[in-house]
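Below you'll find a set of structures to go through.
First chain A sits with chain B, and in the next complex the same chain sits with chain C.
Now for the complex of A and B:
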C-alpha cells in the first residue's frame, strides 16, 4: 500500500483525536479500528526531547518525505515511558504555522522590510561594533532562554564573555529558576537536584509546595498518580495558594497565604525538633548551621545591590531561632491551621516514610525565593531524608533546557560554563578552552535580567540581541521595559520563529530554525541531557541560532574561536563544552552516546549515570560510601536560619487583591507557539481572570463579564472566570500570561529576590473594577 | 485542502443516528467508539469554503450534542 503525505496527515489527525478520546475516557475502544495500527512503513521515526517543558519527555517524531507528520511518546525514554501530554502530542504543528518567519527583516523608515539574511547579519555585526566603539563593550547585551539549545547558549557565552569581554549575558531562566540555583548553591555549594525522577516511584509521601504539577508537569504528575494507585498508602499533599487541578487529585490540599510558606517551613522544622524526630546522626556528620542577613529589601529601585554573608552558628542557635515559629504562630501568618502544620511535620518526621517535596515557580518566583528553597532543604536535612530513592527535595524546572543551557552552560552574568567570573581559576579555565586572553574575561558581573532591561531603558545598553524568548510579554512592570526598548538610540535584534510583541520592537528580525529543524541538546530537571538530530529541513532562510551567533562573531573578527563547519559544528561545540565539566562531579556523556540514547544523566562516570548525588552508595564523586556534600568546603550541607519577611507589595485598602500569574496546561509560556496549534488554541482561546465566586458577586460580575485589573503600574481588561479549572481564595485573582492580547505583566511588579534576582510574579496588589 | 479531526458527542440515545447522519455527509470519515458515547470524525475537504460549509452543516445536525476539535491542518 502506498501512503501519500495527505494520508499521513490524516493518520496524524485520527491519532490526535484518539489520544484526546483516550485522555477523556481511559479504556475507550473503537469498533474494528485500533489507533495503534496507524503506521506506515515510509514514516521514519526519530527520537527527540519534547520542545516544551522541563520534564523533558522523550518523543518520537515521525517524518514522511520532508515533513514531520506524527508524534508519539518514546517508550525508551525513562522520563515518560511512552507517555506525553497534550502539548507534546501536538508539538510538531508548531513547525507549520502560516506566519513563520522564513526571511530576515530590517527596519527601514519605521517598517520591517524583508532582507536577505546575509545582509541582515552584516548589519547586526556592524551595529554591534559601532555600539562597542561608541559606548564601550558593556553597551551590548544578549538575552537568551531556557529554550535555547545547549550549543546556542554556549556559543553566546563564548562570544560575549570570551571574545567581546562583556558579562552582559542573561537568559529568561533568570525569571523562572534563579532562586532554585541560589537555593542549591547556598545549601549544597553546587547547582541542580540531587535526585531523579525515580524518586517518584519510591516515595510514600509527596508534598507539592505551591506548584500545580497536574498542569505544569503533567507527565510527572501522572507518574505520581500511578505510584499512588499501585500502593494504597501513598499520599499527595498539595500546599497551595489557590485551588487547582492538582488540588483536586491530592489527598489533602492546604491553602496558605501568599509568602507565608517561609513561616510554614520553619514551623515544620520547629515541630520536628520538638517531637525528637531529628536524624541526629545525619546532622552531626553532614550538616552545618548558618545565618545570613535579614531585612534584605526587594530590588524595586534601579542599581539595587545586595550581597549576603554566612555566619556560622550551632544547632542551639537554630533551635532558638525557630521559637518564633511554633505552629500556632505560623498559623497566624499563614492561615494554615496549626493542626495541619503538625500533620505535615509528622509526615516529614516519620522515619518510616519516604518523602519527596516538589516545587517550581511558587517557591522560585518569590522575593525570598532563595530563602524558601533553603527552608525546604532544611526540613529534608533535619530528617536526613535526602539523596536516596524517594527521599528528595526536588526543584522542577519550567523550560526544556533551563538546566542544560542556563544552569549548566552558565548563561547568566556572573557565570561561566564552569564556575563564576569572579574566580580567577574559573576565568583561567574558560580562557584556555576558548583560546582567548584571560584578560578578556571581565571579573565583574554586570546586569541580571531586570537590571539589564533597566540599563536598556537608561541607555547604558544600546544594543540587545534577544533569542528564543519574548520579554515584551514576560518582563514584570512591562510598560517601562517596552518603552525603554523603543527609545531612540536602542538597536534590538530578535531571533524568532513567529511574530511576537518582542519582534514588534525589533530593528532586525533573524528567522530561526526551530527544534527538529536543527541539531541540538536540551538538559531537563533531573540532570538528563538529550540530543536531537535535525529531522526536517529549515524553512526559507531560517538559520539555527548557534549558526547566527557564529556568523556574527566571525564578522567581528573571531574566526579563530569559531572555526567549525556547518556539517559538524554542533558536535564540535559539544566536545569543546564538555571539557568544562570533566570531573566526576559533573562529567557529561560523549556525543556518540547521546546520539544513541534517549538521554543520559550527569555526572556520567565510568560509563554510568549518577542517579543520586552526594550519597556514596550512588555517587562516585563522594569519597566514601556515606553522604558527602562535596560542593561545600566543610563537606556538609548548610541549614540556614531564614525568617519570614512579608512580600514587596501586599493588598491594602486601595488595592485589596493579590494578583497571582502563571500558566495553563495547553499553552506554553507566552503562547507564541501553542496558540498556533488549533486544538490547543481552541481549548483555551484567550486568557481570563479567575475570581472567587463571593468576590465576583460583590463586584457584580458573572462568568465572562469584563473586569479591569488595576495596579499602581498599569491595568488590563479581561473576562472573568468563576469556578473554572482553578479557584483562588477570596482576596486573590489569578491570570494566565500566555495571551499577548492581555499583557498582564503591565500590572505586575518588578520586585525580586535580592539573592537570586528572580522576580516575583505571584504577588502584587491590585484592585478590580467591573468594566 | 483542510484536514481536521474532532470528537463528536451525540445527544442522549442518538449515537446511531449521529453515525448515520455523518456517514451520509461528503468529506467525512468516522470511527465510532464501541464502548463510549463518542465518535472520531475526520474531515478532508477541498478548500476552506467547503470546510466551513461542512462544519456549519455538521453543527446543525439534530443528533449532535457537541464537537471538539482534536487536530487541524490547512495547506
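Now for the complex of A and C:
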C-alpha cells in the first residue's frame, strides 16, 4: 500500500478531529485509545470464546492492522447473546501488558537470563531425559490447566501418558472441578452437566448453592435476572455462607454454617419424602440407591489413599438413613431455621415448579465435595426434576476449558481422552490412536495435584513442567509447596505470558502465545466446544503451548507421534482427538463446523447438538423416548446415602474464625492477566479481608486497618474491609486470592475430598490480630 | 498558484494541525484529573468504596417497568444538573416551590422516590438514589436569595469526565463515589434523567457486571518475592 500525502493529511485531520472531539464532547466515548483506530472500516471483527471463565461467552474481537483494539459480545453466541462482563469487554488488553514474556529465560547462577527459545527447548528436553534416566519415568510431571486450549492438553496427555509412559499428568482443574467430575461419575457414570444454559430461561426457581453468580458468572446471572423480570413469579434462593452481591439480588438468602450443606440437602430430601412429593414413577424406573464408605478422612497426610465402594441398597434403607436429617436436626447442624429448610423442600417438591440448582466452588472446594454433589443430584432425582428445560442440577465451571481440556481430554492422572488408565480397553484404544505400544500406557494412576506437589517436595518428582497456571499462588498450604519447588535438584519449567510467583521459581521460562495469538479450542460448562482462529501475531519468540510440547517431544525421539506441520497442526490434532469420542454419547463436531459457528454442543449426532442428555426426547443416545441414564451399567442414576461429616479443621478457642477464600468480579483467578488490564486493577487494586462489623469492633479495627490473619500454617497481614460488597457472618472472614502480594494460601489448609482429591479452600481455622 | 505558495500553505496547514493536537492534548490532560481521588478528599470518603447496598438496585430493577426504563423525554442538561450543586456529589438545591398553589406542602418522596410525570411541574421527576433517607431537607435546601453574607473563596473540583471507555465501545468505569449513589437506575435510567448520563441499554439487570468503580489511578506493579 502506498501512503500518499493526501492520505497523510486526511489521517492527521481525522486524528486531530477525534482528539478535539474527545475534549469538546466529554459525554461521548472518544478518549482513551488511539484515535487512528476510530475509522471503523479498518476494524475486522472475528469470533472467539472469552479467555476468562467457564461461562464461555462468545466475543467478537476487533482487529485493526496487527492489533486487537476492541471487543463486542457475539450476537450469534447463544451463551451470552451479545452481552459480556467487564473482563470480557477489556480482555484484549491482556495481550499488551508491558512486562509480557517475549523471549525464553534460563536460570544461570541464580538469575533468569534471556535465551533463544530453541536453546531453551533443547535444555528442557535434555533435563527431562536426564531426570528419566536417573530417577525413572515417574520423576517427570506436567501440571497444566483448565485454561489449556484443547490441543495443549491433548498433546500433553499423548506425550506424557502415551510416549513417556507416566501418568504424572495433572491440571489445576483438580483444584476447581474435580468434585464436580466425581459427583457426575458416581451419580450418572458420565461427566458434565446434562442440561444447558437454556435452563436459565425456563426455570421457575433458582437455588444457588454457595455460589456468588453475580460476581463469578455475571453473564449467566444477568440472564437469570432477565428471566425473573420478564415473568414476575420467578424466584432466586441464595444458599450461602457469606452475604454477597448475589444474596442482595436474591428473593431469599439463607445463611448456613460452613460444611452443613450436607445436612441441608439430606433434610430437603427427608421433607420431600415426608410430604409425598417423590416422583414415584421416575425413581422406580430410572433410579437406584447406593451406599458408600463413611468417616473417609481428609488427606492432610502424605501418601493418603482412599477408594470408595458402592453397596446397593433399596428405597427403604434410604428412608431410614434420612431419619437423622429431619429439618430440626439439620437446623442444629446448619443454623438454618427448620422453616427455611421446609420452604426449600416445598420449592423443590412442588410438581408445578421447574427448579434449576447452580453451584461452583462452594460445593466443589469441599472436603466432602463429591458427597454434596451427589446430594444435590439426589434432590433432583427424587423429584424427577432433571434432564429437561428448566429442571436442571447445573455445575458451573471456573475456567474457560476446564470441561473442554481437562474433563473431556482427561488431563488427570487416572484419565485418558476416553476412559481411564486402569481399564484395558481404554488403554488399547489410546495406544491405537496414539500409535504407541499398549505397554507404554501405565495402568496405575500416580499423583493427584496435591500429592504431586508433595512428591516434588519429597524429591520423587525432580522435573515439573507447568503450563498456563500459577500454582505458587493457588496451592493450599502454599509455603510447603513453594519451598519444595525451590529445593536443590528440582527442575521447574514454566510456560507463561507474564511474570508470576510461579515463574519466579522457574529454571526455564518459555514465552507462550496467548488466546487469539494462536488457533485453539475451549469447552465451556454446557458442553459447548468453541474454536478460535489466530487473529493477531505472536509477540517476539512467544510460542503456542501445543507447539512447545511438540518441539520437546520431537527432541526426545517421538517424531512419529507428532508429525504435524505448523500450518495445520491444530486441525490435525482435532481430527485425531475426536476419534476418542466417536459415539452418540460424546461425538464432537467436525473442525469445519466449529470454525464457522459460535460454538457447538456435544454430543453432536446426525448434525444436531444434544441440548439435554439422558432424556430420549432430546438425546439420540437414549434407547427410547424416555429417560435413560446410559452412563451406568443399570441404566439408572444413582442416589447416594451420604451423611454429614464435619470439616477438616473448624474454629476453636485458639483459632476462632473460619477463613473463606474466593474471587471478585473484576479479577480472574490469580490476577496474572486481569491485574494488567488498567480498568480492572484500578477498580480493585489489592486484596483485603472482609470482616463482620461486630467482629471488627471487638478487634478494634476500622476500614483499611491492617489485620494479621494467622493459621497453624502461616499468616498474612492485609487491610480490613467492613461493609464491603460481601459481608461474612460473625466468626468468618473472607479473602479474595487474586493478589500475589498477599498470599492467603500460605494460611489455607491442604485437606481435600478423599474421592475427588480436590482441596477445600473455603474452610480452615484462623485467628485475627490487629496489626 | 506558485509552488512557493503551495509550500507555505502546506507549512501553515501542518503548523495549524500541530497546534490543534498539542492544545487538544493539553486540554485533554486537564480534563483527565482523577475525580474520584478529588472527590474522596472533598467528601472525606474512604478509598474503599461503599458497596454493600446492591439490594436496593436489584429491587428497583424488578419494580421498574420496561416502559419507564425506556422513557427518554427530558430536557435536563449536565450544566443544569451541576448548577444545582456546589461540587460534584454535593446535595443539590431544590429548584422548585415547596408548596403547590393552594399552599399544600409537597412531600418530596411522593414524586422523587418513583419518578414519573408531575403535572404541577410539567415535567418528569428525577429519582433519588437514596429514598431510604426520608428527612430530605436535612441536606436539600431551597435557594431563596442569590445575595451573599460574605464572599467565599471555594473552588469546586472539575466535574467527572464522562465516557472514559478504555477501548472503542467498551463500558466506561463509574466516575463517582457509590456512597448513597448505589442505585444506578435512579439517575441513569428513565425519563427524568440527565440526558448525557442516560444509558442506552436500561433493561440489563446487573450494571456492575460491566461498569466498575475506580479505586486508584496507578497501574499494577509486581513485588516479586
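Keep in mind that, in the parts below, the second predicted complex is superposed on the first by the 732 of 771 C-alpha atoms of A that agree within 3 Å, B and C clash if a C-alpha of one lies under 4 Å from a C-alpha of the other, contacts with A are read in each partner's own complex, and residues count from 1 in each chain.
As a working rule, contacts are C-beta pairs under 8 Å (C-beta built on N, C-alpha and C of every residue); 3 or more make two chains touch, one makes a residue touch a chain.
None of the values given here were measured: they were computed from a predicted structure.
Engineer: One more residue to check, A:226. First (chain B), second (chain C), both or neither?
Structural biologist: second
Engineer: Of the two partner chains, chain B (first) and chain C (second), which one does A:678 touch, if any: first, second, both, or neither?
Structural biologist: In the superposition, A:678 touches chain B and chain C alike.
Engineer: Please indicate which partner A:595 is in contact with in the superposed arrangement: first for chain B, second for chain C, both, or neither.
Structural biologist: neither
Engineer: For A:479, using the defined touch cut-off, is the partner it touches chain B, chain C, both, or neither? Pick first, second, both or neither.
Structural biologist: neither
Engineer: Going by the touch definition up top, name the partner, chain B or chain C, that contacts more of chain A.
Structural biologist: Counting contacted residues of chain A, the larger count belongs to C.
Engineer: Regarding the shared-chain residue A:90, is it in contact with chain B (first), chain C (second), both, or neither?
Structural biologist: Both: A:90 reaches chain B and chain C.
Engineer: Of the partners chain B and chain C, which touch A:501 in the superposed model: first, second, both, neither?
Structural biologist: After superposing on A, A:501 lies in contact with chain C but is clear of chain B.
Engineer: Under the contact rule defined above, give the chain A residues that sit at the interface with chain B and also at the interface with chain C.
Structural biologist: Residues common to the chain A contacts of chain C and of chain B are 9, 12-13, 16, 19-20, 27-31, 33, 90, 93, 678-679, 682, listed in rising order.
Engineer: Can you name the residues of chain C that touch chain A in the complex?
Structural biologist: 13, 17, 20-21, 24-25, 27-28, 31-32, 46-48, 50-55, 58, 61-62, 78, 161-173, 196-197, 203-206, 208-220, 222-225
Engineer: Chain A touches which residues of chain B in the complex?
Structural biologist: Those residues of chain B that touch chain A are 1, 3-7, 29, 31-36, 38, 40-42, 44, 68-74.
Engineer: Residue numbers of chain A touching chain C in their complex, please.
Structural biologist: My answer: residues 9, 12-13, 15-16, 19-20, 22-23, 26-33, 37-38, 43, 62, 69-72, 83-86, 89-90, 92-93, 99, 214, 218-219, 221-222, 225-226, 228-229, 245, 248-249, 499, 501, 504, 665-666, 671, 675-685, 688, 703-704, 719, 721, 723-725, 727, 740-741.
Engineer: Give every residue of chain A touching chain B within the complex, in rising order.
Structural biologist: Spelled out, the residues of chain A in touch with chain B are 6, 9-10, 12-14, 16-21, 24-25, 27-31, 33, 90, 93, 96, 98, 678-679, 682.
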